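Submitted below is the structure of interest, expressed as structure tokens.
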Amino acid sequence: MSTLTLDQPVASAATETILSLNNIEVVYDHVILVLKGVSLSVPRGGIVAILGANGAGKTTTLKAISNLLKAERGEVTKGSIVFAGERVDRMSPNELVRRGCIQVMEGRHCFGHLSIEENLLTGAFTRRDGNAAIKRDLEKIYELFPRLKQRRNSQAGYTSGGEQQMCAVGRAMMSKPKMILLDEPSMGLAPQIVEEIFEIVRRLNAEDGVSFLVAEQNTNMALRYATYGYIMETGRVVMDGEAKALRENEDVKEFYLGVAEGNKKSFREVKSYKRRKRWLS
Amino acid sequence: MSDATLRPIAGINFNSFRVRAALILAAVLLLGIIGIRFDSSGTLHKIFVDPFDQMVSAPDLLVQTIWEGLVSGVLYALIALGFVLIFKASGVFNFAQGIMVVFAALTLVGLYEKGVPAFLAVILTLGVMFVLAVAIERVVLRPLVNQPDIILFMATFGITYFLIGLGETVFGGNPKQMITDQLHLPRGAIELKLFGGFVSLQKIDIAAAIIASLMIAVLAVFFQYTRIGRALRAVADSHKAALSVGISLNQIWVIVWFTAGIVALITGIMWGARSDVSFALEIVALKALPVLILGGFTSIPGAIIGGLIIGIGEKLGEFYWGPLIGGGIESWLAYFIALGFLLFRPQGLFGDKIIERI
Amino acid sequence: PAFAQDSIYFSNNAYRTGPFAGSGIPIGDGMRDYIAMINERDGGVNGVKIVYEECETGYDTKKSIECYEQVKSKTIVYSPWSTGATLAAIPRAHVDKLPILSMAYGLSASADGTQFPWVFIPPLTYWDGASVMVKHMAAELGGMDKLKGKKLGLIHLDAPFGKEPIPVLENLAKKYGFELKLYPVAAADMQNQGSLWLSIRRDRPDYLYNQGWGAMNPTAVKEAIKNNFPINKLVGVWWAGGDDDARAGGAEAKGYKSLNFNAAGQDFPVIQDIIKHVVDKGRSTTPKEKVGENLYNRGVYNSMLVVEGIRTAQKLTGKKVITPEDMRRGLESLNIDEARLKEIGMAGFASPVKISCTDHSGHHKAYVAEWDGTKWTQKGDWIEPMKDEVRPLIEANAKDYTEKAGNWPKRTEPCEKSS
Amino acid sequence: MFYREAGQFKSTYQADMAVFPIKQDRIGLAIILGIAFIGIPLVGGDFFISSVMIPFLVFSLAAIGLNILTGYTGLISLGTAAFMGVGAYACYKLTTFFPDVNIIVLILVSGLFSAAIGVLFGLPSLRIKGFYLAVATLAAQFFLQWAFVRVPWLFNYNASGAIEVPQRTLFDISLTGASATPETRYFVCLVLVVVLTWFASNLVHGKIGRSWMAVRDMDIAAELMGIKLLNAKLLAFAVSSFYAGVAGAMMIFLWYGGGEANDVFTIRLSFNILFMVIIGGLGSLIGSFLGAAFIASLPTIMKFGLPALGVPLSGATAEHVTFMLVGALIILFLIVEPHGLARLWQIGKQKLRTWPFPY
Amino acid sequence: MNAAVMNVTGEPVREKGEVLLSVENVSLRFGGVKAITDVSFDIRKGEVRAIIGPNGAGKTSMLNCINGFYQPQEGQITFKGERRQKMKPHRAAAAGIARTFQNVALFKGMSTLDNIMTGRTLKMKRSFFWQALRHGPAMAEEIEHRRVVEDIIDFLQIEHIRKLPVGKLPYGLQKRVELGRALAMEPELLLLDEPMAGMNLEEKEDMCRFILDVNQQFGTTIALIEHDMGVVMDLSDRVVVLEYGRKIADGTPAEVKADQAVIDAYLGVAH
């Protein structure tokens, strides 16, 4: 872990933004207001992290972007979403994928009855660049996740949690996107795979110029790889800044990184488990 | 509750449901055979001996029964195929398939009655089915994306009602004759002299069997090996995930519902040629359910094999055993046959295994 | 709508929708057109217009009960048009004192006027029909004694309607020594009779009597042809005599038979009047060429019974606008003889009908109609049912019914002196 | 504004566990019961009571039964009508065997027979799941329907094959038979429905209801919690069929008043009850009532109400239009709220609670 | 075998009781896939036993075998001295094994309260009759168990979501409700499958606290699968490491951490 993203010069503010959210509001079921004016932007070629506690609205934000909200009876009632210079908030999810923005959903969502390989191939559904290219990319995925290659003919429904997670990430990569929305990619993965996934994120970012918006609980990891971070709480962005700055922030350090007063504390020593400081409320 | 486990003997695991069930079956058969020895004219004799005697003594009837079963099996399978298509591709249990069959046939005949030449009528009917597919996608499926199966199932009931109302308003309620001759479908029968009797094979039935097999083969290949086919199966698994990888549900649904509409039209022509075209046919569509279930909801070959098993099974059952309990058992035998198979394979003969993981 | 004081309201249960619509539509049209013709030609019955309305049931019992509840306080007679609806209405009608006219359908036992003062089942019951069938068979074979050893198959809808003839046929089979074979068709399998006809092939009955309805009939005709069953030995009850039923068999259906109590065709003054006053004026929903089809004419016949009932009631009471009670009296004294038939343009259209206080059916004659490939024709003479076989059965059943119902209202309505 | 639970604190668990913890809801319930017991008999005409209200009550009960099975336990049944039929025929046989026992008792007892048959056909549910289970219930539907016609013992060997409803009285008032007034029959139905709904509500809010819902939502997890799947499912089948059976007996004895019973308990009816449950809301007792009102009463009201309002629709056309409208409304309701009328009702309440603020 | 070994930090290993559950030579196959091959280990009363390993190593399958959801083809599992190869899940529940799931398996349509109340099902005895009346004994019983459940809710600090349907709760809260449901069973052995996946640090800390409290206050034995090494190292008394269905290490956290096979297979780099 010698070269960290944050050591590299951070993309200057002048670089164009690929995705921006302006003050969006999301309501579920016509009555439950979940996002209360969220604005954020992702620069082209950037890796941006959204951090926040459970229920803060990270997933909702990502779904609002990828237009999957409608399928859950949610809707964006206010604000606008612009992807690559186009308003996308009225677009169907597949149009968005065609334009190069794809989401890896929280909780895997593989096609249980399809084999791993078929799962990966459905990821290439919107592609029009021929079978050979798809084949090549498939091999690339297998190279990135050797475990998937072993299980390529198993029904995804029967594979282990981690294998499914890899499959979901691989499937999204198969669409050759310009931008990937990653929702908790590290959940349920063994440490070295988490590391690998973030390495892959960086590789895609560096080699293919793919932009990333990552919702992540593993703050440590996320801030290590991201260029910029947003912290959300109960439907609002409460703090944002360069990843580096966030890493240095005392509050973030204590509540998200677990390095109070300079050194890591043991989980055994956490005595009080009452809710502590919040930015809001 | 006895949870006592039995030790395996000679490698047979007595705790397996299948083995237990097979043992019970064997015991029943054995008892039956023993029983017959002691009462050669009684009930058991009627159940276990008489029917087989009949089969041997009038083989032409046996052949005819099997043929009848085969044909109705094929026709059930055609309806079931429509179900399977839609289920496989959208996870929707399309109750309206039966009505779509009637609707398509009615449209065809209705157009013909209005003076449209037969083949033009076929094309126009296809057009109507396409419009129907688009309309269903727009009005029903799109707003209901990602809802639980039962809700979509219910929505197809709505479609059923709507189509019945619409069909009767436009075409009237009286039964109509299928335009068999005008479509150059064969009429009449081939009569085979056989075993001193005769077996009559309707030409239209033969045509139905051939068309059905072709269609099923084509569709099976399409689903298993093409890009769209794979996408269709993906949609059936999870709408949400399919959306997220950029599969256009709208387009997929129009494709499948249109395909199902084509299948419905073909089915309608075949059924209509045997009886006439009216909403009474709707009831027959219910027979497709056991076929579908027996074959497994998602399997195209399953539809045809299920159809044959049910068709032949119910005809043999009705013909040889039905009279013992007053006849008319055909109305429920199919469901019991399907039930019997399901007890051994809960996902149907060819259905995808029900994934139970935690 | 508000009714003028000088009109009579008659509501008819119709089924222009549902699986039996194919039969329901011509019947409904026949009924409607006859009344329209009477209103148009004669200005009503003795100057009283008949307000005719239909209550749609789709042949569904639940809906027909709704219809009953809806019209019971308005109509002068309840016309249920399905056996299920009749059975459900009978107990109510005896409380509400509303006559039921179930023409040749419904509960056979209701022909007993002493137990069922409010139900009328002219001109004959299913039981009479079955006996006519046996007589027809005997006639073709050359005498009642020839029945011995023969085999009669009964294809029937597996529902109360279909099973009606069984008791009579069983009695007759015993008496004349022929064998009765039953072939039930489940409602769900009406269009799917393959295995049934295989059994028929196995059993080789000499004659088949088809107590069928709706989509069951054309299917039976087709299957008979397919299975080489001699089509002229297949005889349907009068409800299996639709033109569409026979037409389904194509050219080979020639010779298919059905019992009947009304004539088919347009060659009757009454039908010509309907064409003139109703059809030609564009007031019918039946196209002209279909006027005169068998079921259409049966609808006409049913309306004729209603109109004649009203007329008789008017005569008896001297009132113009009559009540349901008057209608009951009218129907009970109904007597349409040859002369009257001629007057109303129905000579040769039907046999005379006479109903009495005790006999609410009359057990009148029927004839055997034959399909000649394009239309129904009368074959042979009108046949008298075996009233002496049927009547005791009816009385026994009627008693049984009322006893089981417990507290069945005893008949208090006096009989007319004239009847 | 008027609909707030603010200020209504529960000091005991008992109060908190009440089915209607909010005062306004309890008042609403009282008003509804008041209307049902007093208002309708006073105001409603014969036609309204006998063709709208009684069917509504009968179907509500059947829908509650199916809701217990499908909505609460997640087992799809397409055989409700057949189980209703078992109740009706059982009741008929019971009236012939025990002419002196009160008819209300017999109606309830006939539910037990239906429950037993329900359990029998519920047995495969352990192995067969989801839509596959539908085949078992369809087997029940068609087999029983066949039996109703083929087993003459069931209808006392009547030539007509029909069930005749004998006259039975309580305190010299006719409850059944043609001479029973619509009002009396309505009262009997109402009392039965209210009492049985109360039982159902108790069941679903307690341990049994929870294990049903657990089986519905995640049967594997339920099993790992120590719930015996077979027992829970069979109990659901039994209770559900009991309700269906009672509804069936009520249908024939208090509504139809006899007649050809076998063409009543058809697959159509099964489907209709399923509609009610889904339109009303799976897993909601109130939903069962709303669904029954919608599916059972709408066509009747449209058919007889529209002409009365001066919309000129002839019988057949009205019927067709009704079909189309019902179909369209089913779809519309599902789109507006897939969780049924009951949820719509809840959202309405929610909005009322936060009124005048939108969220 | 490691009971007497001193922890590397010098802290004495907390003394644990006798063996509660022992797994002997268990193998599990699905067609060609060998999920578990000949694994043996034991769990002692009162300890926190971690099971770790790469994805697909068979950890979840191991738990499934323990509580009877999977039936191993070979080997025996002994719980509280009762030896068996096959066991029905509801029997395992009755014997005192409760668990949470990797892919949250809550009853989605029910409220938090009802979900946790289902955990009490086995302990509620009133008959159908009383249940139908919901008065008298049935109500008393219901209230009695409601009290216990409310305590659990308090303990887990999920009062605010008591009446909400769990289906739409954020993932982290769902995990907590699931823990509550398992606790309501008052189990002797609690199996936790990745209880901290998808949580941020703060929430993990809370969860750790709950687990430790359960372990210490109620003396519940815990088997824990977790990918967060920090958590595993801090919480567990002993660790089993699986890879490709085989056991590759077993010992105290410190021992396991230092094991080269474990580093190669799982940790990647020494943490």
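Order of writing sets the labels: A, B, C, D and E. Residues in every chain begin at 1.
The definition used in the following text is that contacts are C-beta pairs under 8 Å (C-beta built on N, C-alpha and C of every residue); 3 or more make two chains touch, one makes a residue touch a chain.
What you are looking at is a predicted structure, and each value in this text was computed from that prediction instead of being measured.
Participant: Averaging each chain's C-alpha atoms to get its centre, pick out the one most distant from chain E.
Facilitator: Looking at centroid distances, C is the chain farthest away.
Participant: Between A-E and A-B, name the chain pair that shares the greater number of C-beta pairs in contact.
Facilitator: The comparison resolves to A-E.
Participant: Using each chain's Cα centroid, which is most distant from the centroid of chain A?
Facilitator: With centres defined by C-alpha atoms, farthest from chain A sits C.
Participant: Just give me the whole-number Å value for how far the CA centre of chain D lies from that of chain E.
Facilitator: That gives a centre separation of 42 Å.
Participant: Could you grab the centroid distance between chain B and chain C? Build each centroid from C-alpha atoms only and quote it in angstrom.
Facilitator: Using C-alpha averages as centres, the distance is 38 Å.
Participant: Which whole number of Å gives the spacing of the CA centres of chain B and chain D?
Facilitator: A distance of 31 Å separates the two centres.
Participant: Report, in whole Å, the distance between the mean C-alpha point of chain A and the mean C-alpha point of chain C.
Facilitator: Centre-to-centre distance between chain A and chain C: 75 Å.
Participant: Mind pulling the chain C residues that touch 2 or more other chains?
Facilitator: Correct list: 16-17, 158, 184, 186-188.
Participant: Using the touch rule from the top of the page, what residues of chain B touch 2 or more other chains?
Facilitator: Those would be 168, 173, 283, 286, 326, 328, 331, 357-358.
Participant: Name the residues of chain E that each touch 2 or more other chains.
Facilitator: As it turns out, chain E has residues touching two or more other chains at 60, 69, 88, 101-103, 105.
Participant: Per the contact definition, I'd like the list of chain C residues that touch chain D in the complex.
Facilitator: That would be residues 14, 16-17, 54-56, 58, 61-62, 65-66, 69-70, 83-85, 87-88, 91-92, 94-95, 107-109, 158-161, 163-164, 166-167, 184, 186-188, 397, 400-401, 404-407, 409 of chain C.
Participant: Taking the complex as given, what residues does chain D use to touch chain C?
Facilitator: It is residues 46-47, 50-51, 55, 96, 99, 142, 146, 149-150, 156, 158-162, 164-168, 177-179, 255-260, 262-264, 266-267, 300, 303-304, 314-316, 318-320, 323 of chain D that touch chain C.
Participant: Taking the complex as given, what residues does chain B use to touch chain C?
Facilitator: Listed in rising order, the residues are 54, 58, 61, 64-65, 68, 71-72, 168, 172-175, 177, 189, 198, 200, 202, 271, 274-276, 278-284, 286-287, 314-315, 318-319, 322-323, 326-328, 330-331.
Participant: What does chain A use to touch chain B in their complex?
Facilitator: On the chain A side, the touching residues are 66, 68, 70-72, 92-94, 96-98, 102-105, 109-114, 118-119, 121-123, 125-126, 155, 157-158, 171-172, 175.
Participant: Which bits of chain E are touching chain A when the two form their complex?
Facilitator: By the definition above, chain E touches chain A via 30, 33, 53-57, 60, 102-103, 157, 168-173, 194, 197-206, 208-210, 212, 227-231, 234-235, 266-269, 271.
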